[in-house]
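Here come two complexes built around chain A, the first alongside chain B, the second alongside chain C.
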Partner chain A sequence: MNKLYIFLKYFFIVVWTVFVVAPFLWALTTSFKDFQSVNGGVTYIPWVDFEPNLEGWKVLIKSPAKGGVDIIEPYFNSLFVTCTASLISIILGTLSAYALSRYTFKAGFVKNNDITFFFISQRIMPPIVLSIPFFLFLSSINLLDSLTGLIVVYIVLLMPIAVWIMVDFFNKVPREIDETALIDGCNPYQAFIKVVLPNSIPGLIVAGMFCIIFGWIDFFFAFILTFTEVQLLPVKIVALNSSVTPWWSLSASALVSVAPLIIVAFIVERYLSKGNLSGAIK
Partner chain B sequence: MNFKHKYFFLFPGLFVLIGILIFPIIFVVRLSLSGWNSYNPGLDYIGLENYIRLFTDDPRFWESFFRLSFLSVTTVILQYVIGFALAHMVWKDIKFKRFFRVLFLVPMMTTPVIMTVIWRTFFHESLGPVNDLLSVFGVAPKWLTDPVIAKFTVIIVEVWQWTPFMFLLLLAGLLSLPKEPFLAAAIDGASPVRKFIYVTFPLMAPISIGAIIIRLIEASKIMDTVYVLTSGGPGTSTETSSFYIFIKGLREFQMGYAASMSFTYLIIMIISLTIIAKVLTKVLLKE
Partner chain C sequence: MAKIDLSNISHSYNPNDPNPVFALNPFSMTWENGNRYAILGPSGCGKTTMLNIVSGLVRPSAGRILFDDKDVTDLKTEDRNIAQVFQFPVIYNTMTVYENLAFPLKCRDFSKSKTDERVNSVAETLNLKSFLNSPARKLTADQKQLISLGRGLVREDVAAVLMDEPLTVIDPDLKFRLRRNLKEINEQYKTTLVYVTHDQNEAMTFADNIIVMSEGEVVQTGSPKELFERPNTTFVGYFIGSPAMNLFESEAYSNDSVKINNTLIKTHTNLSNLKTKNVKLGIRSEFIKIAQNQNENLIDVNVEKVEDLGNYKLITAKMGDFTIKSKVTRETEISSQNVKLHIPAEKCCVYEDNKLI
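Moving on to the complex of A and B:
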């Protein structure tokens, strides 16, 4: 019984590992192929099935005039938009989360939980519902097809995540910390900045990672709200897909776009192992 | 504590969110009462005409909605079962625990559309590895062009992409469970299966409900994957609500009609998610 269980366990883990890794391996080998080895039948192993070459990777850094795909600018656009929107969301979200965790609010029938729910419920909003008014709204204030416009939209996407994680986190930071600081003569802002924030770094990191993930992987808004002036990475790569489909450069660019977030996976796992994701401190 | 300061903490975030959102939401409602399209762009008032058209004369919207329900419920159930299994396996000590944890998280860190582009080559009917390997058995499923199989392709890709998120939430839950119930079960000499049924699973019920609801919310937005993988095809066989609204609104520029669909869709989503949350709470927390 026990042996069977262990066998099944490792069997399942191996099967899932293969499933997770398969598309990455396929993309990695494809990125070294050329026209012949893609279209002449399916090939797997470099040097055995096909002769690898670096064409797929070289076009990434060539200028578009020379037939390159130029993903460097979209790459930095994506980084800039994701990081700026995440930072703003974290700052605003953390402040609101702190207020919701420490003070009581009451306006008619609206209480703390309702306000928290209002923040989090913005995730329920299907992007398509917002896309049409955002499209018309941004075009009326000339922010369509601009980085600023995208950042504004991404704040709506990311702030709920920041509030969700930080409210939960602050609820588990002992109140005594702030109270001691207040007794020692800090005003509430000093107490927040000097005492509460330094004790909340794990929560801030987890919230930051989630914001970065959900900002980086968005395609929909970038697709609808930008055209030619500003391009984000996912839109650029999907545009590659529609044309003649050079699978090698497609695969190479996909791998390049995925790479930075692998680091995020390590950071998330680290804080998960320490039990910090569920907000525990000490 | 001091009460004057609380508003300074709360309001920046709240007002920024309301400020960005209030216009779109009011605007969607107003737009849905207009006949805005590419011939006649403007906020005229045509009453409930769009809604009447939607409820009486547009089976395609309702088909896309039921398709979406099918896809999201199926994927979320699969993600929950697989995610729970994986989380349970790497929860206690196994070899290379951290390696597997990171590995199982990786798919959710990748941009869905970009991975879908890779999946498209992966499932390519003549040049992709899947059909090449399956040709050993003499079968060659039409992954992207058969109306029935295409749905399963979408499900496979969604499961690959989002099981890690379920895994993450459930593993975080498992790691935060108290130790005492497990000690008690061990003293009673409970078998692993009984331990799971009577200790682990009930303790995880609240976290499970949260995780399932969060994933259902996200899954109901399926759109990127479908757009890149099949463009809703073949025919309309993988078209989801979001995708149909996108076609009507931003391809055919029937803004008014698309807005009425968006608003209806939003209301249905809120109602059905509330019902699902209530039912799940009842079923899972009863024991």
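Moving on to the complex of A and C:
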């Protein structure tokens, strides 16, 4: 029974690992192939099945004048927009979440829970509903096709995630912690910064991770709100496609675009496994 | 360190409602500097509300709070210099034990050397010295509660240390030692200690003044002896003492005697101004003994059971419909039928409308 359980457990882990990792391996090998080795039948192993070359990778950094696509600038645009928008969303979201968790608001029939739901409802809406308002809004303040405009839009999209996660998190942090800090002589701001916030690092990390992921992978708004001046990575990658699909450079760009998320995942995983999340509350 | 005056304090959590429900009915009280007080009462009687009003976490709906005759009703919690320990340990998880204990001093800009000295002294008292550099979250629940307690004691000039059932999570042996420690701290530093509990033993052993509360009302304030011997109301008689006070429905018979089931019991209470003849006679089971050679205030009972509780025997007996409990020494011989019990007149309390006459 026990052996069967262990066998099944590992069996499913192996199947799942293959399912998750295989596409990456496939993309990795494909990125070193050329037209011939992609279209001339199935090949797997470099140097045996096909002769690897770096053309797929070189195209990504060559300027368009030399026949490349240059994803470096969009890459850093994406990094900048995602990080800035995430950071601002986390700061604003955490502050609102703390207020929503600790103080009572009432405007007519609107109470704390309704306000929290209002934030979340922004994400329940299909994004396409927001495209025209966002377009008109950015065009009216002359921020279409600019990094600042994208940051503004991403804050709107990411803050609800931060609020949602942090409200839930703060609700689980006992109110007595704030009260004790007040009794010990902090004012409410100090109590928040010195006591509640350090206790909420796990929540901040989770919220930050979600913001970065959702900001990084967004294609839709990056596509409709930018034209020529500014480009984000997802849009640039899609633009790589042509009548002859360049599988090698598409694979290479897919890998570099996933890289930051993998790094984030590794850092969070390290943090999790060090036990820093356990015992944080009670 | 301060004298704390609560003057006409009352509190309702829905004061704007047409029919507000009062968690605390109006009362006034003075806590003298350096004394030990226990607030005793069943769950939900307003004990915690009272503490939160003193610490400033709750603003009373009406009334004023004075620290050393200075009105602090509108003063914020952080400016009151008060310490409060909650029922469950509240520690700052991200800090070490030392940082936890030093936090109240850090918030008030104490010097490094003064902080060191105070933290070490408190850690010594609470047996936390060897943990000072460990992360606070790694400690056990009772050690965490010691930290909470320590944060309350680390300031010498604190107006009062308020404790809300602080020893619930601590094991009995340590509980006993801690209560003694708290007493010593109180005697040494003359810190006013206020201790909320629903455990009468805790209240009795800890405090020199006990405040008994019931349903938002302060029912009686007094020393453990007063509460035990002369409970103001039948509630206090029932709530304090184990077993509860014996209470008998009875009839006022003459100026100083009542009649229970045709048995006449003399009391030392003047019963001449009663509105009704129906009164209750209250007597502690500790004072009811097996009759030796007394010739009045005797009742005939049938013994139902005798429990040996180690240091005493508890007799449960019946007189008609009434159940009587009596605590006697272990050596007492008890026959099972027709026992005569003696009720000392000076220990009888007579209640009209559940209030002591």
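General remarks:
In the analysis below, the second predicted complex is superposed on the first by the 248 of 282 C-alpha atoms of A that agree within 3 Å, B and C clash if a C-alpha of one lies under 4 Å from a C-alpha of the other, contacts with A are read in each partner's own complex, and residues count from 1 in each chain.
By our rule, a residue touches a chain if its C-beta (ideal position, glycine included) is under 8 Å from a C-beta of that chain, and two chains touch if they have at least 3 such contacts.
Note that the structure is predicted; figures quoted are calculated from it, not measured.
Once the two complexes are overlaid on the shared chain, A:Gly185 sits against chain C while remaining clear of chain B. Comparing chain B with chain C, more residues of chain A are touched by B. Within the superposed three-chain model, A:Ile237 lies in touch with chain B and out of touch with chain C [touch as defined at top]. Applying the stated contact rule after C-alpha superposition, one finds that A:Pro198 touches chain C and leaves chain B untouched. Of the two partner chains placed by the overlay, only chain B lies in contact with A:Trp216; chain C stays clear of it.
Of the two partner chains placed around the shared chain by superposition, chain C is the only one that A:Glu176 touches, whereas chain B remains out of contact. Of the two partner chains, neither chain B nor chain C is touched by A:Ala107.
Contact with neither chain B nor chain C is seen for A:Val48 once the two complexes are overlaid on the shared chain. Chain A residues 179, 182, 187, 280 lie at the interface with chain B in one structure and with chain C in the other. Residues of chain C that touch chain A in their complex: 55-57, 76-78, 81-84, 86, 88, 90, 92-95, 103-104, 107-108, 137-138, 148, 151. Remark: chain B residues 1-3, 5-10, 12-14, 16-17, 20-21, 23-25, 27-28, 31, 82, 85-86, 89-90, 94, 98, 100-115, 117-122, 127-129, 132, 160, 168, 171-173, 175-176, 191-192, 214, 217-218, 220-221, 223-224, 228, 241-242, 245-246, 249-250, 255, 258-259, 262-263, 265-266, 269-270, 273 touch chain A in the complex.
Within the complex formed with chain B, the residues of chain A that make contact are 1-2, 5, 9, 12-13, 16-17, 19-23, 26-27, 30, 38-39, 41-42, 44, 92-93, 95-96, 98-100, 102-103, 105, 115, 119, 122-137, 152-153, 155-156, 159, 163, 178-179, 182, 187-189, 192, 213, 216-217, 219-220, 224, 233-234, 237-238, 240-241, 245, 247, 250-251, 254, 257-258, 261-262, 264-266, 268-269, 272-273, 275, 277-278, 280.
Those residues of chain A that touch chain C in the shared complex are 174, 176-177, 179-187, 190, 195, 198-199, 201, 279-281.
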